[in-house]
Amino acid sequence: MTHPRPVLPGLLDTEAVRKDFPVLDREIHDGKRLVYLDNAATSQKPRQVIDALSGYYERHNANVHRGVHVLAEEATALYEGARDKVAAFVNAPSRNEVIFTKNASESLNLVANMLGWADEPYKVDERTEIVITEMEHHSNIVPWQLLAQRTGAKLKWFGLTDEGRLDLSAIDEVITERTKIVSFTLVSNILGTHNPVEAIVRRAQEVGALVCIDASQAAPHMTLDVQALQADFVAFTGHKMCGPTGIGVLWGRQELLEDLPPFLGGGEMIETVSMHSSTYAPAPHKFEAGTPPVAQAVGLGAAVDYLSAIGMDAIAAHEHAITGYALERLSAIPGLRFIGPESVEDRGAAISFALGDIHPHDVGQVLDELGIAVRVGHHCARPVCLRYGIPATTRASFYLYSTPAEVDALADGLEHVRNFFG
Amino acid sequence: MTHPRPVLPGLLDTEAVRKDFPVLDREIHDGKRLVYLDNAATSQKPRQVIDALSGYYERHNANVHRGVHVLAEEATALYEGARDKVAAFVNAPSRNEVIFTKNASESLNLVANMLGWADEPYKVDERTEIVITEMEHHSNIVPWQLLAQRTGAKLKWFGLTDEGRLDLSAIDEVITERTKIVSFTLVSNILGTHNPVEAIVRRAQEVGALVCIDASQAAPHMTLDVQALQADFVAFTGHKMCGPTGIGVLWGRQELLEDLPPFLGGGEMIETVSMHSSTYAPAPHKFEAGTPPVAQAVGLGAAVDYLSAIGMDAIAAHEHAITGYALERLSAIPGLRFIGPESVEDRGAAISFALGDIHPHDVGQVLDELGIAVRVGHHCARPVCLRYGIPATTRASFYLYSTPAEVDALADGLEHVRNFFG
Amino acid sequence: MYQDVILDHYKHPHGRGLRDGDAEVHHVNPTCGDEITLRVRLDGDTVADVSYEGQGCSISQASASVLNELLVGKDIAEASRVQEAFLELMQSKGQLTPDDAMEELLEDAVAFAGVSKYPARVKCALLSWMAWKDATGQAREEKTA
Amino acid sequence: MYQDVILDHYKHPHGRGLRDGDAEVHHVNPTCGDEITLRVRLDGDTVADVSYEGQGCSISQASASVLNELLVGKDIAEASRVQEAFLELMQSKGQLTPDDAMEELLEDAVAFAGVSKYPARVKCALLSWMAWKDATGQAREEKTA
């Protein structure tokens, strides 16, 4: 099947980019070239990141901080250097505002737990309210449900419009004087929706609530500027942005990190320990108990270098073009229904859809036989499936190495799926 | 300086072993061969582990669980396969008792938090007591201090004898009917002491207290059998046992993991989520929120394979011989005082000492100039320093690749340090 | 994986729809949202009817249809043997080549052998079979109570 | 790193011991346990005496000795310039080669340039200097109060 492909403005030189990613050369199911469209679940890793990891273990590995030997000093410099890189990447006012965690989920749990154990004015208790949205990833729902259960606070949320956008029409009733924290995703991993930060932040500031932004699906794809967002906390995860698994980031405003209590206790996060009591190191170390993910930070630093060299704006433009093209091609498939915004405006590079009444498992499996990797299921956002009355979706998601030819392969593959089960 | 080296029984073929560790070839300070004696802080990584990490990222990388595409299935099989390997390594009755965390510190915090949020009979509150020891790593002190502060429970501990061993003489007064949990280290990272598990477990069982063992300094060095230990929880960390940073393990008894509440909330740890409430997956997933350290688990699996191929008993015998030799050589140095047991019985391969009144920082720095990497400081066990009235120690710690020649280099280096500051 | 037999059952399911039964169960596969409501009617020791309704992928749908075809009319002991053989096949991770005895026992259900290679799909194939086992147990308790 | 000048000061410290002062401070480096108790006595605008006692590594001990040698007798403004120059040198991560002016200002303290390459040791070198700054501030407040 051929399709006259329009000229897409803003594409990256994907032939060059793809050479950096060893896995993209992989053939599966007897010689089918991998078409990897599961980037919202995790991204692939460029050679530069893989080499940074190996190089770290082959030459510099040591535990960090307090060592007086060469390897310990090198490892510390590499680890703290990665913090500098991440701080610059998100335009943090201070490197000390960048906390390394194990993933975005830990980052979000960290915020919830800091507030659960905080003193006034931050304390979350039975007189207070927590606000999230119906399109959150489970990792931005369950920590707040747990916090609400354990403190007696009330959990509220913004619902969704039929078009897959946040329904902010009752914003003044949802965010009230009782609200202590508003936590929401910048870009939805299931709907692709890019949310209007400003309106929410403005209302939160009006009532004196803290704002936590889940940027897991934003940091990999666009310029992230924590100062411009005006949030108090921003969480994201390394493995979705060309970095290794096992590392996440929480950025938080310095005053808050100073005022709020620690979460995990242990080595590295202390100032001084006696059996009777302990005092804690200043942030970020206060929130980094135990041996940190040293190699993973180095790998994330390499990822950030890699992305920055290509340019986040260029990456965003590329994905905008690819996403627009994919929306166009998929909308031409009979019986295909988008779950999420149908236009490329204010949306990320993840596209969820239903294909007639063919179950997403079957769609995904038949695509896999063609070498096309998509994700099927509730994408850790089951409330969205409940909202739209579907058990699951099929999701294709793009990244800087995705090509129009891969979009064509997807569209053709979906036609094949239709015929197969037709 | 030469020293007639005795024949040491039980040594590994370190010439062969060392070829597996790229970093050991490294030269520092203008051509000095690295003598790495900081293994209690972190171990070096064999080629087999580094390659497992690269291979994972180059060929199989995907997010785990629920994927229907080939990469997702491969990644899941590799991740869960690593769990099988770790379960076998510690002789766990069930693979579902093995929880992957980010490090031992998280494992210990996980136990403390499970108990903090538990219902009876596990609940820790103001009527209950928590027991630790004075030789714990900060990561097995601070989580319990936080738990005590937050629940009102009383924190008690076993003190130390002048010889650097646990003082269990008042065991019946320390562990009482009020004790809910006893948490202690199997092998001390600062003193080297190997603690008598049986006596403590017996008393804990008598009063119905749970037992948590910090095996961070044991798992890398000897056969670890969680069933033989008869503990309820056992924590350890990947980076000290030839594995990557960014991964730790908590083993826990199945019934407990079923009964106890979750800690971090998010993707992967749920059964079903609605905005109003969630139910949780069975263990181990219940305790693994978010994208797990997939590559790191694969790396830890490779480390476990590597160690098992050499044999944990063989490694223990090697270290026993090296440690005995080191104790002998160091004891001959004028002014050197051991902090910890002076004999090789019931001790691990970490040796702390004071060298006259030369400050450990100076000892470490001058050794570093000779290419010898030791650790100086309180080794995240400041109460031990307070107990023995010293600001810090110098610590040399060995592993399977340590050689008698490295012990000689250390002993000669310490003589040089003495002369330098003499 | 998608053997013609499976696709046939998916497109033309046997015995779909809910009819009278002695016991009804509702089983869910929480990770993918597959659901089945299944009723069993016993006639003495015979499986008189298995009726069902549900939503899910082709594998779970076809598997319910095959179950209906295979088990209805068999006596419970024989049906349980079939159920156990199917369970064994599905848990074989693609390592088991059904022998003649198994082929005879499982008939069309042998077509699911390929599914056992896909861990994410094994639960789909087993959904109705686990529901049947559960419902049959309940129905027998009813009768003997 | 261990210049002869540093070793000399370590082995034969200047002005060690506690004597009368207008203010006393106690500073600790929590990560390595280095401690210093330091007193400053002012005579008008002149640093009349800096006396100290403490425990720590050769770098922190030698640095306190150099401080005593350099600052005692200077007027406060000049002493502060020396303190700032030393701070700058120590924070230079080994990137700064002291120029003539700096050498003249820092005298023996220039020997610590090599220490600035070792992040873990910079705090040791600075311990007494930060204590001095603190104590001097307090002493001046005392006097003007």
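As written, the chains take the letters A, B, C and D, and residue 1 is the first residue of each chain.
FYI, a contact is a pair of C-beta atoms (placed from the backbone, for glycine too) under 8 Å apart; a residue touches a chain by one contact, two chains touch by 3 or more.
Quick caveat: nothing in here was measured; it's all calculated off a predicted structure.
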From subunit B, the most remote chain by mean C-alpha position: C
Distance between chain centroids, defined by C-alpha means - subunit A, subunit C (Å): 40
Intercentroid distance (Cα basis), subunit D paired with subunit C, Å: 82
Centre distance in Å when subunit A and subunit B are each reduced to the mean of their C-alpha atoms: 31
Sites on subunit C at which at least two other chains make contact: 31-32, 118, 120-121
Residues of subunit A whose C-beta touches two or more other chains: 66-68, 72, 272, 361, 365, 376-377
Chain contact topology (line, ring, star, complete or other): other
Which chain pairs touch, all of them: A-B, A-C, A-D, B-C, B-D
Interface residues, subunit A side, partner subunit B - complex: 22-23, 26, 28-29, 34, 36, 38, 41-42, 44-45, 49-50, 53-54, 57-63, 66-72, 102-106, 108-109, 112, 117, 134, 137-143, 145-146, 150, 155, 157, 237, 239, 244-248, 262, 264-270, 272-275, 277-278, 289-296, 361, 364-365, 367-368, 372-377, 380, 382-383, 386
In the complex with subunit B, residue positions of subunit C that touch it: 30-32, 118-121
Sites on subunit A touched by subunit C in the complex: 358-362, 365-366, 369, 376-378, 385, 391-392, 420-421
Contact set on subunit C toward subunit A in their complex: 1-2, 7, 10-11, 31-35, 55-59, 118, 120-121, 124
Subunit B residues touching subunit C - in the complex, by the definition given at the top: 65-68, 72-73, 76-77, 271-272
